[in-house]
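Here chain A shows up in two complexes: once beside chain B, once beside chain C.
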Partner chain A sequence: MTRNGPAALFFHTLVVIFMLAPLVIVCLVAFTPENTLSLPTRGFSLRWFEAVFHHPDFVQSFWNSLWLAVLSATLAVALAVPASLAITRWEFPGRGFLNALFLSPLIIPHLVLGVAMLRLFAVVGAAGSFGWLVAAHMVIVTPYVMRLLIAAISGFDRSVEQAAFSLGASEATVFRRVTLPMILPGVTGGWLIAFINSFDELTMSIFITSPSTVTLPVRMYMYATESIDPMMAAVSALIIGITAVAVLLLDRVYGLDRILVGQH
Partner chain B sequence: MSFLELKNITKRYGPLTAVGDVSLSVEKGEFVSLLGPSGCGKTTTLQMIAGFVEPSAGTIRLDGRDITRAKANSRGLGIVFQSYALFPHMTVFDNVSFGLEMQRVPKGERKPRVEEALSLVHLSPYAKRYPRELSGGQRQRVALARALVIRPPVLLLDEPLSNLDAKLREAMQFELREIQRKVGTTTVMVTHDQAEAFSISDRVVVMEAGRITQIDQPYRIYEHPETEFISRFVGKTNLLPGKVVTATGAGATVSLAGIAVPVETPGLSVGETVTLCIRPEKLHLAAPAGGLLTGRVADRFFLGSQWLYHIDGPLGTLMVVTPNDGSTPAEQGAPVGLEWSPSVVRVHRGAMAEAPDVALEVTG
Partner chain C sequence: MSATLPDAAPASPGEETPERRFPTAPLFLSGPAALLFAALVLTPLFLTALLSFNQFDYATGRTGGFTLEHYLAVVTDEYYLEIFLRTFRISALATAICVVIGVPEAYILSRMSNPWRSIFLLVILAPLLVSVVVRAFGWSMLLGPEGPVNGALIALGIGRMKLLYSEGTVVVALVHVMLPFMVIPVWTSLQKLDPAVEQAALSFGASRATAIVRVVAPQVLPGILSGSLIVFGLSASAFAIPGLLGGRRLKMVATVVYDQYLSDLNWPMGAAVAVILLAANLIIMLTYHRMVEGHYRRRLG
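After this line comes the complex of A and B, so read on.
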């Protein structure tokens, strides 16, 4: 490994500052006692956090987002586990097509997906349904889960399953006792990354949420178009906090390097 | 009636025949090795016995029962994989116990049986460890204990020692044989290592390009290889092309580049093209003038217990192995004579094949 020279170190520091500064500043602003978006200069206050928790729309949207993220991540994993097993292990007609289909939402802009979903929901008469919102989020998060699982399954030694099979285990038992525990880091990692993606999704959700299913990012967007006050900063700080916890968990159970660099 | 019987087993993958018409009978308690270069079909054959690969044709019978189409999880065979294939998320104890659990052995009975199996492979103190905390040799033993604990009628070993380093491999060979003798389980091992196959098997099955070419006791395969391929594949050998010049009922004389060599093979006819096969340790160095041939030491290699010489002579370069008896070896460049007894010369009919032992790789 080569060491970075002083110029490179300086440059890296600038990039990191550039990336982190907005997050740090928004978190600091969240603690302001003032009525305007400003850095706290006369002490810290939790009044804007309190305001968030007393704002019924934001509380409702928070629960909407949480449920939406938990459900869509769980269902995406339930779909992706058998799909990745099939795609990785068997040659069948349409295998490449299926793989591309599962990964395609990654390259379609969320704006386009949002408009398409809006139209689809209108046609099937599902506008405003929470169930359909979950389905739409599944479309977006499944590719992330698939990518992680395919990586986890590709490095899998099939003879371990054969060994279990030869010892008298049924197919179902082999899956439950051997395959699933062995790919569990990929499953958990996939679930968390799906959760994060669903929890922050804005662009598509703007189109397909109804007043009763507004998610937290959509609620923030709507609020920010009307008025800007430090409550926005408090909500942002909370989202940053939740996402950071999820990323930390992800790093512990799966390793960020493996997701971001693709090493495994 | 033999215990495990393969009858005309064939496996085709599209136009490719991985295993062709293999028939083999294994007696109860016997240790049989399938030996051959990679791609010869030995692993596919083992997988068909195990039930992981379905034969295209032929039958497999175990103790008189036809198991050709039986699922792998109903055969009850013990299998040790090349990669060991331990369950990484289970302790050694749970790994070994898994098979008993699957066979619904009551919990109280499982513990003593697992302990017995672990003590058989000398791993009792490691029961609570995870596979990642064990060395290669220890993992190998866990895999063996896990396969034996279910008291399988047949134990299948797929290149069981190939991932171990040389010294450990040798020690494990003998231990494997000792354990097999102790429990008396009929065993079929796949290996590409002839030393491994020879030292621990009752019989060796040599496979080449999907077919069995010889089934015999190890020393007989070494001393009487039935084909030129086997003599090349099994140990080192000197192959010499020649022509029969005289033939009697009991033997013949073969001319090798003008040098007449007596052989004891009956049934040869004058003028026939043959290939003589002489093992390097059957050749002896003699005084330069004496012996059947004279040559010069082109190279010599010290192998510890032996010396390997390359001798240049009228027949090309011959390999000679002599035991290291402590005496001064022949110098490089020194003229030497070579002698051998006619009884050690094996004769293969036909001309020498140019490209040996390259077969299409099908499975590991």
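After this line comes the complex of A and C, so read on.
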């Protein structure tokens, strides 16, 4: 049982309602049979979910976002594993600078990154390219991956690796058979948090997507500024569902409180 | 460059690890990521800083030359002054409300026992991972003319109120988005707190309120400060919430930058506002960093 008094529990209940209300109402309205944004008082309907799947723009944006998130998370992990090994295990000139640089996207507002990338892409003639969009997303998800990896690498016992070396294993074998398995929770946890962050990203992407590369959050933002119908609620409910699955996976693999609370 | 500096790492005998034989290894390992960040963080920020000093010709849309007019416009033009002032006001208010709600909530959470503690921590923190567009959309439905909040107001006899597109709505939605950033650092400092200290205060006859104010509060102050700065910085650069809930008239800094870039096409002006926003954010974060370091140094020394 809790040691909190009734006043504290009442306050706590209000906070929980406040945090969940916007998400709950979106999920409820998504099932409305009406043509307007309203709670489903006269039965549930899946018509707005059907409308989403028959809306070519939303379907295309969904696939764009999915590919973008998978590619940028995978490539970010591929770059972050060696980089965090270098930062955690060696003293070398420029180490502090690199560490700060790799974490800098956390304190640079995404808006600023967005306009900066827009300028760069205009200068190098990369506007509208999907490849450059992936690279931009790699930049914003890498810090999340690095933080988990640096924690994973600095927290493990090097003597296991040294034992493998002394038994004659090569560097490659030690990395593949000893190091990688030991930091695997950090790698998969980092991949998932990178995936979620890329999939959700709006503020930077809105500046650097073209009509053919528009991501789902950007498409939703554009749609919501013009008209609002229950289809928006259905898309939102689908996003909440996808996020919930990713969150549960993340919790299983790494522990959500460890990721979120370890963040600051 | 450091290929010529193999002794940069203090070589201690008896600690011979395989890496010491390859002093260039860290450069190869961090090289690809360093290239990516040089190309996509440093270069574009540098280009944007340059752009903010370019002249802009409204007739032809061409940019070039050197001018300080965009920075002067921000400090003299009433339009920009009002927007910066409003952004500051809204962010400060959202931060204050986050302190008032987030700090007690973190304390209540820390006094729960499992499994409730883990479940409610998840409930409070997980919305952080749901796209901000979805959360803004949820608020626009809750506070819309036909939404449940107006329904409750009518039922209470207060009558329908126009809630959307007001500063209040933007503040409420910002608090919803930012609250986890306040709970996390306060929760972290509460975890480090020894509950026996609070117990000791109580057993010496202090009231619960005195124990909280005199014993708990001073120790979680760094967490509150840290959370406040994060919340303020993120609120001041928030885009989706004012964009979707502020309407056309209620502009904040981020939505103005968006307009300058994508409607007015005055990139240099937008760049100047973005540079100011970045500078303000960096100053806040670096000041905080120094304050925290000073705090720990005092505690250790």
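Heads up, the rule we're going with is that the second predicted complex is superposed on the first by the 260 of 264 C-alpha atoms of A that agree within 3 Å, B and C clash if a C-alpha of one lies under 4 Å from a C-alpha of the other, contacts with A are read in each partner's own complex, and residues count from 1 in each chain.
Operating definition for what follows: a residue touches a chain if its C-beta (ideal position, glycine included) is under 8 Å from a C-beta of that chain, and two chains touch if they have at least 3 such contacts.
Keep in mind that this is a model prediction, so the values were computed, not measured.
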item	value
Residue contacts with chain A in the superposition, chain B compared against chain C	C
Partner chain(s) touched by A:T243 [first = chain B, second = chain C, both, neither]	second
Which superposed partner A:A233 touches (first chain B, second chain C, both, neither)	second
Partner chain in contact with A:F165 - chain B first, chain C second, else both or neither	both
Contacts of A:D157 with chain B and chain C, given as first, second, both or neither	first
Which superposed partner A:L37 touches (first chain B, second chain C, both, neither)	second
Contacts of A:V178 with chain B and chain C, given as first, second, both or neither	first
First, second, both or neither for A:P56, with chain B first and chain C second	neither
Those residues of chain A which chain B touches in one complex and chain C touches in the other	162, 165
Chain A partner contacts - residues on chain C that touch it in the complex	1-2, 5, 8-10, 17-19, 23, 25-30, 32-34, 36-37, 39-45, 47-48, 51, 101, 104-105, 108-109, 111-113, 116, 118, 120-142, 144, 146-148, 176, 179-181, 184-185, 187-188, 226-227, 230, 233-234, 237, 239-240, 243-244, 254, 257-258, 261-262, 267, 270-271, 274-275, 277-278, 281-282, 285
For the chain A and chain C complex, residues of the former touching the latter	1-4, 8-9, 11-12, 15-16, 18-23, 25-26, 29, 36-39, 79-80, 82-83, 85-87, 89-95, 98, 101-102, 104-105, 107-113, 115-120, 123, 135-136, 138-139, 142, 158, 162, 165, 171, 196, 199-200, 202-203, 206-207, 217, 220-221, 224-225, 228, 232-233, 236, 239-240, 243, 246-247, 251, 256-257, 260-261, 263-264
Complex interface listing, chain A residues touching chain B	157, 159-160, 162-170, 173, 177-178, 181-182, 184
Residues of chain B defined as touching chain A within the complex	50-52, 72-79, 81-83, 85-89, 98-99, 102-103, 143, 146, 150
